[in-house]
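In this document, chain identifiers A, B, C, D and E correspond to the written order of the chains, with residue numbering beginning at 1 in each.
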């Protein structure tokens, strides 16, 4: 059997099979479940590294299965998909560790980790999907796999959040399907090609193409939390911390952003977008989301809700970067896809630690946490500085490329938007850091002594530290070829053809 | 060191500084060491917040001097300005926290402006990240104003100084010494590095900058007189001195090509002179407020004042003379008014010095504990460095000698004497200042509070969409449909469908 | 053709034998369903390899004798009937002792299967009348199996289906009066030669069949009947019995309607389809009872069948025929799984209302998973069969701008179906106060309920060959 | 204006009047009575229209058995049932309008029907009659040309019985037997049985056949049962079940036999194609078993008690 | 106005009366009678159509006969069902 074509399948299966096995495990089989979980993660990382090195050397990984007439089920490992796969695999390892620590002793863990693995395999499948139909397929599976995680606690609020989440994502998925059907009726569903495959249709179907674009972007906009469709994200914060960490920092939100990148570059292509003059509405929408998200984050008193609204605004950076169609802006957008994931997951881990160890949910309860939980607080501070875009962090790199891309692509107003957004970020993150470090500690709402030597359970502490270090490394060592920045440059110059 | 680029962030490049920048790096390093030594003995070591901010600020300050690329410089600059916040709020009192908040808001605002400015410059130089490449690109009004604002907010001359008189008094003595001595100079260093001298637009704006310098100089000095606390007076004196430093920079920009190297050196000398004397004065003020001043302390205190008022024998005299000389070189050669303004400046600085001396003597309480020896040693090192400046700076000696000529002594001497007379008359004879003018509270704190309120508002929870209360009507409709009317309704619909369709087709 | 004939006769024989040996009835009928499944597969294989075949019953020439036509379409429908019957038979075999299902279920379901198979095969109008009548009576008898609570619903169902059959018979009589043919293809030839105004006949037949297939305006009898019936019966009713008349509507309207009548017919089906989607969906969303919700979902989903039929008449594009019968197949599998799972849960958790399903994902995870997966196909999420049907329905729509209003209707229908499916799924995740079954529920019935759901979930991957066979 | 015209006109009007009276009668018993008369008049109409078989069947099944069914249902109705109150005038008007419109449309369409049909299956049926094994056309169509319909129809009858078993209707009130009727039924039974089998035998050549014979047989059995002279025909007895299933079984066996007889290896088999020499015998066998089955089933349907039906 | 037309009109009238009975008839039994009337109407249509040719069309007669048997069995089942429903509700 041809290894090159089956590798993508194995990557998707490497989290699917453990997931299905875990479903069948009884609740007390702790050891087996952890080995399955971590084993799946490590195997996936190995395979991804193998494919990463292959793609760098120019290999082609292509798997095809007959699915619908005119559009088959394709898994295609190219540079862009690999970046997202690498991001989700690494963060899945970290989050699994965190989840095992977080859910110590709570019921229904087999079900949780089962759906957890399904969700990651859906994300990876979505990244590797080679044409629009397979993308829609994994997009829907992602919704179904993430829903049980959002309602894992089973309380009334989590159910209400779950309903709202489903209402948004299912209708988004359906609208996306409508768009895909429209394009499929025009040209079938060929493989994603750099420069898109719609230019021959431009002459007589421009109206339909615009409608398709609106449908696709609305469908993807739900998961990418664009302005009017972001309502579900803050509500979904009621989910347990590892869920809100992985899903709302990496899997679900990034799936939407990744989808927009695919649609803009590999379906429509740069020149079709310009001829149909579709770029400025997307830029306006993304900018509006950025500002709105940050402004609403200011008003939130609950820590996780503030982080959620900050996610709403940060993810639109990616959309903004991609929508400006400039090569530098594209690099900025793609690199921010990775950086925001790592930074936001750190913040969610720390928020989870504060909630789990000291029972802190509101921001005013954070006074003086720096003394009680120094490591988590440092990680939180680094994450926050990254979000604001202070130098020496990953946030700075992506903001720098986005801004210079904006100038290069001829959108000076976007620079203003980025600056205001950074100011707003500072306004809602710095008071939190100020409370953590500079105010005397009151008595904690529900203090728990989770571990003798460290401030909290080691499994809860290690992940945020790892990702915090990653933030700084990605910021400082952005030049190395391992860094997401150079990988994004490789993607842009290899896949987004600018003639 | 190009291979750094492949390791660190894109365009990362550091170089050992030589020429004027080396001196700048030298006195900054000296300042940080002395302040570190002083605070080592006076500030308790377990204050993690203070020490982490102190070390981060130091690293940032030194980094920005070494950086050859834009991102490196910006990294150092941001690190320094943001971590200085930790120093300002160290004491934890209400005033310190308010000053800290104002400082941080303005620092962040300055940061963003600088970010935009650097971006526009890099874009103008189409993507080149080395600072040297940026010099070639032409300045646009937007970029220039952003640069001036960004670095000005850090340098603290007249219109952008509002945070300085609040932050320095709130910070502990060594911190404010470093703040005044090294950190605000970084703003000036930025202006010097990023604004190319020969730019056409710059030459157009120079007269306005000149006005800015002198207004900052006079404003700082006069306002200092209104205040009773020594640290506030010193802060305002820094504002006025920054005016003079900006003047040196303006002269550097306006000087002809051949004279530019000399002008650069003059700028650095002035910066070094001011750094040493201001940090010594701040240490002195700090010591005066919480320790007993021994006799030799008074001497160590007097020499910076002498140097401040540019009396002969001091580095101040040499630098001031150099400044007068330079006035005559560039495009301002024919502006006759400038030398006069300089002398008025000297007069106001002298007045300020006397005011300061009076305040220090007033505050002196013999009952306070003795200053620890390491702290006094570091203070002494600073004073000696300032004292011996003409010696280890050989190029400064010709100017120093000329300042010692009788004409120089006379020119430097009369303003000090006149100021002494005026101050004595004002304190003892003339009408005292009306009470409302004493220690005026700056309106900036009010604005900062207003800004904080608008970003920490309470959000009202939106009410979930109420589910429709149709249960009653539905139950009635179902009961009617299933009990009585199902059969007649269904059969009549059947027939109606047939009839309707027959009519329609 | 032999395999198809055997597939019809085997259940008939099994029914008769089941009436003779009442004790062995269950195993006998169960075996007959499995064998008929194999026979149906063989028939499909035969049609695919040797092409369509037809048989005059009794060897007389066409017109006089009843004609059976076996093409890919009827072979597939035969296979669907056999598959659903074997699934339902094995489900009821595994749990009829605790569900208290009376032994009469077996002969009746065998008769139902043979009636349906002969309906899908024959192309004779009067033979359709007799099989339709047989279907109706068997269905009413099956509904009566759950005793007292089903009397009212069964009685109404019987009376209305009798009235509908009479309308259908009157239509057939008029057609015979005009053209003299009972054989549909021959009748089509006769109509095309010298067309006579046979509008009333066609409308009578259509109204009769619409009532039998519970299509929107004439659907009021269905929710009560399907909800009152025992679980396996309501699965059979919703999945198969409702599809027989729909198949007849397709055969009649695709061959007998003249061009201008087809336009009016298409507007009828489009409007009723849209109303079915919206009204059916809304009623499913609002009803507090679980099985009534699933029944209303049938009414809603039939809306898609109507839309496909209407579009096929309007735009004469074969894609819509494919969409119609992929929908019939996918809906049959999905509805069987939903009804079996909901029935099983209702039996174990002991309660008609939806609130008894609180926390079902903990207490009966397999059944809940079956409902979710089958629900995925009802909504039309990829890669399920429902998705393929909707996909085929959507593709040709984009070019015809005058039918733009169908897109929001389909979108509304999908969202409503998502609403009522996930209403149940979200309730199942409520861990606050789960309703506990009194003893460990048996796993086999839940696995059998899950099997059709998994089949329909993977249907998209087999859609290539399916669509080519339904190219029709 | 020959006598026929007046006869048909009168018969038609009478049918309409009887139908109206049945629907609008206040008491239910009167409605049932009027319906039975309507059935008889209808049989007369069939005879008038040249459908002798149908007249016989209508008289036996339509009027006779359906009437008996209605009366037994009437007997089972609980007395305490409050008379259903008639709906108000408003509701009556729309129904009236709708029905009159429908009948007008139907009448207008029927009026359009051509008096001479361009095509019908009659000529083809007549020429094939010779090779069908019977002389009488209706029997040939029923048991040869469209035998499958008849098999399904027998299944419908069986299904009706199975359904009634499931329903387990309430027992009618106990009857006190009228001695005159008992004597009368004892004399009548042999005659009825004889006529039934005569009608069955004649079906091969002239109007008659399994259904009419079955109906007569059922009538005989019903009369016996109502007079209490017939033991319970319990469904659980194997021979009762065998008899009920006789019709369907005979059909299936005959079909399988014919399949086996004219089996050609590569040719497609043809279902229900009686081999010519055996056709007459097979048809007769099927007719006989169908008669018995129909007779017993109808009896159980009309007068079957709960214990008999083995609910 | 030949014999065939006359009987067809009568059949149309019967159908209308049957429908009215089905919709309006208050009692269930009356509705079953109405159904039988509609059945009779349909069979009358078929028999009249058969009578249009000189030897009446035997095929139609067979169909009507099958229809009759189906009608009877359906009526029997319906009556049993109605009887049980009424006894339950009383």
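Miscellaneous remarks
Here, contacts are C-beta pairs under 8 Å (C-beta built on N, C-alpha and C of every residue); 3 or more make two chains touch, one makes a residue touch a chain.
If you're wondering where the values come from, they're calculated on a predicted model, not measured in any experiment.
Shared contact partners of chain B and chain D are C, E. Listing every chain that touches chain D and chain E alike gives B, C. With centres defined by CA atoms alone, the chain at the far end from chain A is D.
Nearest to the global CA centroid, when each chain is reduced to the mean of its CA atoms, is chain A.
Chain centres were defined as the mean of their Cα atoms; on that basis the chain farthest from chain C turns out to be B. Rounded to whole angstrom units, the spacing between the C-alpha centres of chain B and chain C is 80.
Work out the mean CA point of chain B and of chain E, and you get 103 Å between them. Chain C and chain D have Cα centroids lying 31 Å from one another. In this assembly, the C-alpha centroid of chain C lies 29 Å from the C-alpha centroid of chain E. Among the residues of chain A, none is in touch with two or more other chains.
Residue numbers of chain E whose C-beta contacts span two or more other chains: 15, 19, 22-24, 31-32, 45, 49, 59, 63, 66, 70, 73-74, 77, 81-82, 84.
Shown for chain C are the residues in touch with two or more other chains, namely 64, 126, 130, 133, 137, 140-141, 144, 151-152, 159, 163, 170, 174, 176-177, 200.
In this structure, the chains touch in the following pairs: A-B, A-C, B-C, B-D, B-E, C-D, C-E, D-E.
Interface of chain D with chain E (complex): residues 4, 8-9, 12, 15-16, 19-20, 22-23, 28, 31-32, 35, 38, 42, 45-46, 49-51, 53-54, 57-58, 61-62, 65-66, 69-70, 72-74, 76-78, 80-81, 84-87, 91-92, 95-96, 98-100, 102-104, 106-107, 110-111, 113, 115-117, 120-122, 125-126, 137-138, 140-142, 145-146, 149-150, 153, 156-157, 159-161, 163-164, 167-170, 209, 211, 294, 298, 301-302. Of all residues in chain A, those touching chain C in their complex are 65-69, 73, 108, 111, 133, 136-137, 140, 144, 147-148, 151, 153-156, 159, 162-163, 166-167, 170-171, 173-175, 177-178, 181-182, 184-186, 208. Residues 2-21, 23-27, 29-30, 32-34, 36-37, 40, 43-45, 47-53, 55-59, 61-66, 68-70, 72-77, 79-84, 86-87, 90 of chain E are the ones that touch chain D when the two sit in their complex. Chain B makes touch with chain C in their complex at residues 470, 474, 481-482, 486-487, 489-491, 493-494, 497-498, 501-502, 504-505. Listing the residues of chain C that touch chain E in their complex gives 64, 126, 129-130, 133, 137, 140-141, 144, 148, 151-152, 154-155, 158-159, 162-163, 166, 169-170, 173-174, 176-177.
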